[in-house]
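Okay, so chain A shows up in both of these, paired with chain B first and chain C after.
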Partner chain A sequence: MGLKSKLHQFKEKNRDKKWLPAFSAIHTFLFLPNETTHGGTHIKVADDLKRTMNTVIMAMLPCLIFGMFNAGYQHHLALGEIQAVTQGFFSPEFWTMDNFMVGFWKILPLVIVSYGVGLGIEFIFAIIKGHEVEEGYLVTGMLVPLIVPIDIPLWMLAVAVVFGVVIGKEVFGGTGMNILNPALTIRAFLFFAYPTWMSGDKVWVHGAKERANQIATGENLDAISGETILGSLAQNSKEMVDSATDIWNAFYGFIPGSVGETSAILILLGGLFLIFTKIGSWRIMLSSVLGAIAMGLIFNGVVDTGIVGESSKFYGLMSTTWWHHLLIGGFAFGIVFMATDPVTASQTNKGKWIYGFLVGFISIMIRVFNPAYPEGVMLAILLMNVFAPTIDHYVVRGNVKKRMKRLKVKTA
Partner chain B sequence: MGLLSKKDAALIKDPLADNNPITIQVLGICSALAITAQLKASIVMTISVIFVLGVGNVVISLIRNIIPSKIRIIVQLTVVAALVIIVDQVLKAFSYQLSKELGAFIGLIITNCIIMGRFEAFALGNGPWKSFLDGVGNALGYGIILIIVGFFRELLGSGTLLGFKVLGDPIAKTGLYAFGYENNGFMLLAPMALIVVGVLIWVQRSRNKALIEDH
Partner chain C sequence: MSNDIRIKKGLDIKLKGEAEKTIEQAIISNYCTIRPEDFHGIIPKLIAKEGTQIKAGEVLFYDKSNELIKFVSPVSGKVIEVVRGPKRRIDAIKIESDKSLDYHDFGKLDANSAAAEAIKAHLLASGCWPFIKQRPYDVIANPNKLPKAIFISGYASAPLAADLDFTLQGKEAELQAAITALSKLTDGKIHVSVGKTSSSPLAGLSGITLHKVSGPHPSGNVGTQINKINPINKGEIVWTVNPQDLVIIGELFLTGKFNAERLVALVGSSIEKPRYFKTLIGSEVSTMVYDKGISKDTNARIISGNVLTGKQVQPDGALDYYSNIISVIPEGDDYDFFGWNKPIFDKVSTSRALTFSWLSPNKKYDLNTNTNGEHRAFVVTGSYEEVFPLDMYPLQILKACMYKDLDEMEALGMYEVAPEDFALTEFVCVSKQPHQKIIREGLDLMLKEIG
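After this line comes the complex of A and B, so read on.
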């Protein structure tokens, strides 16, 4: 008797055990379950939830690996041990084993904690509720390490994951029922709970905070700081972003930032992959970009009229050209991987256009007008998550009305 | 229960758990969100509401037969307003700092829906003794939630309880902070109070399934 049928027999024997959902969750990772549907319609599709989730993870993997290289690169660069990249995306200074290992040993624990804690909760809830383990956390678990600063303490991450999964998802009924994107709920929790670890110029480069403490105690007097472009723009210091190389660096991702969100080009590739596999909605991605461009152009226009002078505290971000806004901060990552979450986004096609446009529009608005929250895209997506069902409701109502009118014309 | 008959005891006990004004009737939420960042403020608010609701219920109950029903809301408002002013003045006189911290929220006890709710639902139809018990019971039910929420928010948000540093000193890094623990700033913001109240509702309903409303 082969392993496959043995596993099925094992499952049959323990049918009424409480822990069975946990077993079948792992079982179905590798084998097809032998249950068949009885009665009703039979639809056979290849892309079940697990495969959908795995596709998204595949789209994010380049960002993760790039993030590991970038973590090491930023760290070594800040210490003055290596030169800045000069030869574009494939600069040999960047793709060194040394860089990779620094990032690898910092980011691997983040991934392990994120998955360990999150899936642990999923298993516990599945056993309590007596249903199959839901796959929803697979993507969240990969998103979370990509959107946090590299030096975030692991216990904070664990607390935030518990909060995000339990309060953001399980209380609403689990995967598919949540109102807010769980990964962003986790990030928002961290952002409001431990702001000193989530913003400022001391958190984006590995080791920066430690150095700052050493300066305070007099052990070491060379500070390393790694302000994000967004952060320095919010403080009106423009020298960092004036040169063209910096814009290319932002596009390639050789800039400080959250672990996996810096490389616009890899996010773009991931986005194209999602569109190609029909997992991510191109409507949402495109309309978000349009929304951001619209807001960016409005701000640029306002600056051109001269109402907002250089002395204004909004000048730095307001005068940032509209296409530059798309490259900096977590905007690209947010709209490709998080605004497109099929559960929390609008469901109707027209709704997706409205939802996406407002995500982009509000992202840039929060970014410019609230320097305390430079990462507007997180708050914009969470806000629009809340409004998505309302948008859908009115889109559907509008449709019904239109059809009713047609019906009346016919009967009349 | 020698002092109270069974029925009277229920007036006190029910609002504490199965008919709690906050977690079951979902009244008085605003102040539960606003002032529970510190345990001390929660306790002062609880005492104030016990006074206002207990005395208010008795007053309304005593005059229930002479209030013309058309203007009863105005009469009730006058009674609450008078009592709240007393509380406010007492606080200002004896604990000015605290009265400043609580700010408008003492004055806003007037708008606490639990108070008008108990006047309307209970004091207008029952004798003074029963109304007194009902008032105190409901205020205690309200207060117990405030104190639980205040306890968690102050402990996790500031690492203190009633102002005492129970988790060590965050600046000198003693106690828990020596291990890298940090206060959770989110706990001090109003949304977290809403979530803590939500978790209490969840815990209560999963312990007593009869409380789950089905729609």
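After this line comes the complex of A and C, so read on.
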């Protein structure tokens, strides 16, 4: 008797048990269920939600692996143990086992805590409410480790995940019903609850915070800085994006930042994969880029007129060349993997254009004007998540009006 | 102005087991079964009690809410069983056929010269009225209301659909008689659509407005054509008739008989030799599916109708009242190891998420009845719109049906749709939601509350 029939018998025997959803979640993970259609169409497409979510995870995996290398690279670089890369994306200094292992041991626990806590809550809610475990968290659980600073304490992550999943999703009814993107809810919670851990120039490189603490206790060590490009731009120290090398580094991702958000090229590839598989919305991605470019050009134009001088505290970010904005910070990651979340984005095709454009536009606006935290994409997406139903409402009203007009022409 | 309809959004699901264009006389069925559930919203009031001897065309039951609408027997013989469900609901009426087809004579009626009232009465008395359906609500037409137009789709785009050009061959006289009769019952036009390259006998009829249709399924759905030609507004009614039923209506006018003969395509990957059968409405499917079809112990599903909108029937079940196709496909009641993430080459998909049906658009598939995943809340957006050519928002209208907001349903276009219009969105639904059921329940609610 094979595994297949054993599991089947086990399921049949325990049909009425309350914990069956927990078993089913694992069972359906191993085997596509034997369920057949009844009523309605007798055949169905090959895709289900698991496949959809899995495709998104596949698109993110390169970012995760790159993040592991980059964590080690930034750590060693900051400690002065290695030289900066010189030979483009495939520089041997970057792709070393040593770099990878540092990152691997830092990031794997983040992944485990994120999935462990989040899926644990999903299982509990599924059992209490008597529905199947839904797959939404598979993507959220992968997103979360990629959008936090590397040295974040695990308990903090666990608390945030509990908040994000329960308040951000389950209270609304679970996957498909939430208003805000759960991964960003988790990140926003972290950001507002533990601001010192989520910003500043000490949290982006593994070891920097620890080193700072050691210095504070009187040890004689050199401080290491892990300032992000955005951070330095916000403080008008512009040297970080002066040379072409810096731009290439930002494009490749050899820069400090949240775990998986740095490599624009891998995010771009992930985005193209999502567009090709038709899982991610190209409308949202494209219009977000257009929105960001529009805002970037406006700021560049304002700087060109001379209204905002070099003494202004906004000068650094405002004068950033418009297309550099697309490469730095979490913008690319946000629009590819989080703005496109179908549940919280606009649901109509026309609405997606408006929604995406505003996400991009507001991202750059917040990025420039937010004094506390120079990244706008998280807040921009959350803000537009809230407005997405309103956008859809007006798009759908357009269709309704057309119908009303048709009726009026007839009856007139 | 061109009357052509070109559909871009949609999906042709190409399946194995298309019917070969040969016609075989099906074995004469011992029993004929009429199931009131084929007539949505009808409450049957039985006339032919168990044991009654009846002729073909004699009344079995009528509709309780409109006694004029009568339902007649396709065969002559004896009513042997009235199968009842809970609360004595009539599930089926089983007639033992005497195999002689002794017709009740309703008398010929020249549709050209007859008055509208006479035609209507003739259709009602003879049991031909139920072939006329109406929208809104996708139910049997209300004889007391005047339709603004009548739509007939002579183009079948559904998977493995019977080729109407083939099945209607040589029926020009009947079709013309039916069209002439129906044209008296509306102030508007009779819109008939045929495939762009077809040689349909429908194209040559007089008194119609002809439309040439091209594009993927659901271009052949009458709902799609209504939406493109003359969409239904609030307060308006249109009628729809299936072309194969026009033949029966036409024959009534020409001969005075209710001849429920129908050409039925037996299709599907489980069938050894898919082909056409000449049979009667209500005939047992077993008279067709076993000869060069399936063997008795095959794990296959027999569907009266096409694979998207048809009804599952048991091997001892019967052809339903409106179908001109019997599809037989394998059941999919087995597990598939890591079926949710391994690359898929042998199933249809509209995405490219490790599904490779986009590589070979002309390949024919052998799909089974597996749901390929479990029921979930709506998550993915934008996929329905790709296969939904009607000018409305499918996801929003489905949700409006689910939260039972009558105003919203009306505003979003509920008067224009029938469950079959949502068959493709149901097929592509990643969350495996029962779209057709949601729409049917929504329509029923509107019918009950608004009427």
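Here, the second predicted complex is superposed on the first by the 397 of 412 C-alpha atoms of A that agree within 3 Å, B and C clash if a C-alpha of one lies under 4 Å from a C-alpha of the other, contacts with A are read in each partner's own complex, and residues count from 1 in each chain.
Here, a contact is a pair of C-beta atoms (placed from the backbone, for glycine too) under 8 Å apart; a residue touches a chain by one contact, two chains touch by 3 or more.
All values reported here derive from a predicted model rather than from experimental measurement.
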Notebook entry, point to check: In the superposed arrangement, does A:370 touch chain B (first), chain C (second), both or neither?
Noted result: neither
Next item on the list: Give one of first, second, both or neither to describe whether A:171 is in contact with chain B, with chain C, with both, or with none.
Entry: first
Next item on the list: Quick one: name whichever of chain B and chain C touches more residues of chain A.
Entry: C
Notebook entry, point to check: In the superposed arrangement, which partner chain does A:194 touch: chain B (first), chain C (second), both, or neither?
Noted result: first
Next item on the list: Check whether A:407 is in contact with chain B, with chain C, with both or with neither, and answer first, second, both or neither.
Entry: second
Margin query: Tell me the contact category for A:349 with respect to chain B and chain C: first, second, both or neither.
Written below: second
Margin query: By the touch definition at the top of the document, which applies to A:135: first (chain B), second (chain C), both, or neither?
Written below: second
Next item on the list: Under the touch definition given earlier, write down the residues of chain A that touch chain C in their complex.
Entry: 4, 7-8, 28-52, 54-55, 132, 134-136, 173-177, 276-279, 281, 342-343, 345, 347-349, 352, 392, 396, 399-400, 402-404, 406-407, 410
Notebook entry, point to check: Quick one: in the complex, what on chain A touches chain B?
Noted result: 153, 155-156, 159, 167, 171, 189, 192-197
Next item on the list: Would you tell me which residues of chain B are touching chain A in their complex?
Entry: 180-182, 184-187, 189, 195, 198-199, 202
Item checked: Residue ranges of chain C in contact with chain A within the complex -> 13, 159, 231, 233-236, 301, 303, 307-310, 312, 327, 329, 331-341, 344, 347-355, 357, 367-383, 385, 391-393, 395-396, 411-413, 423, 426-432, 434-437
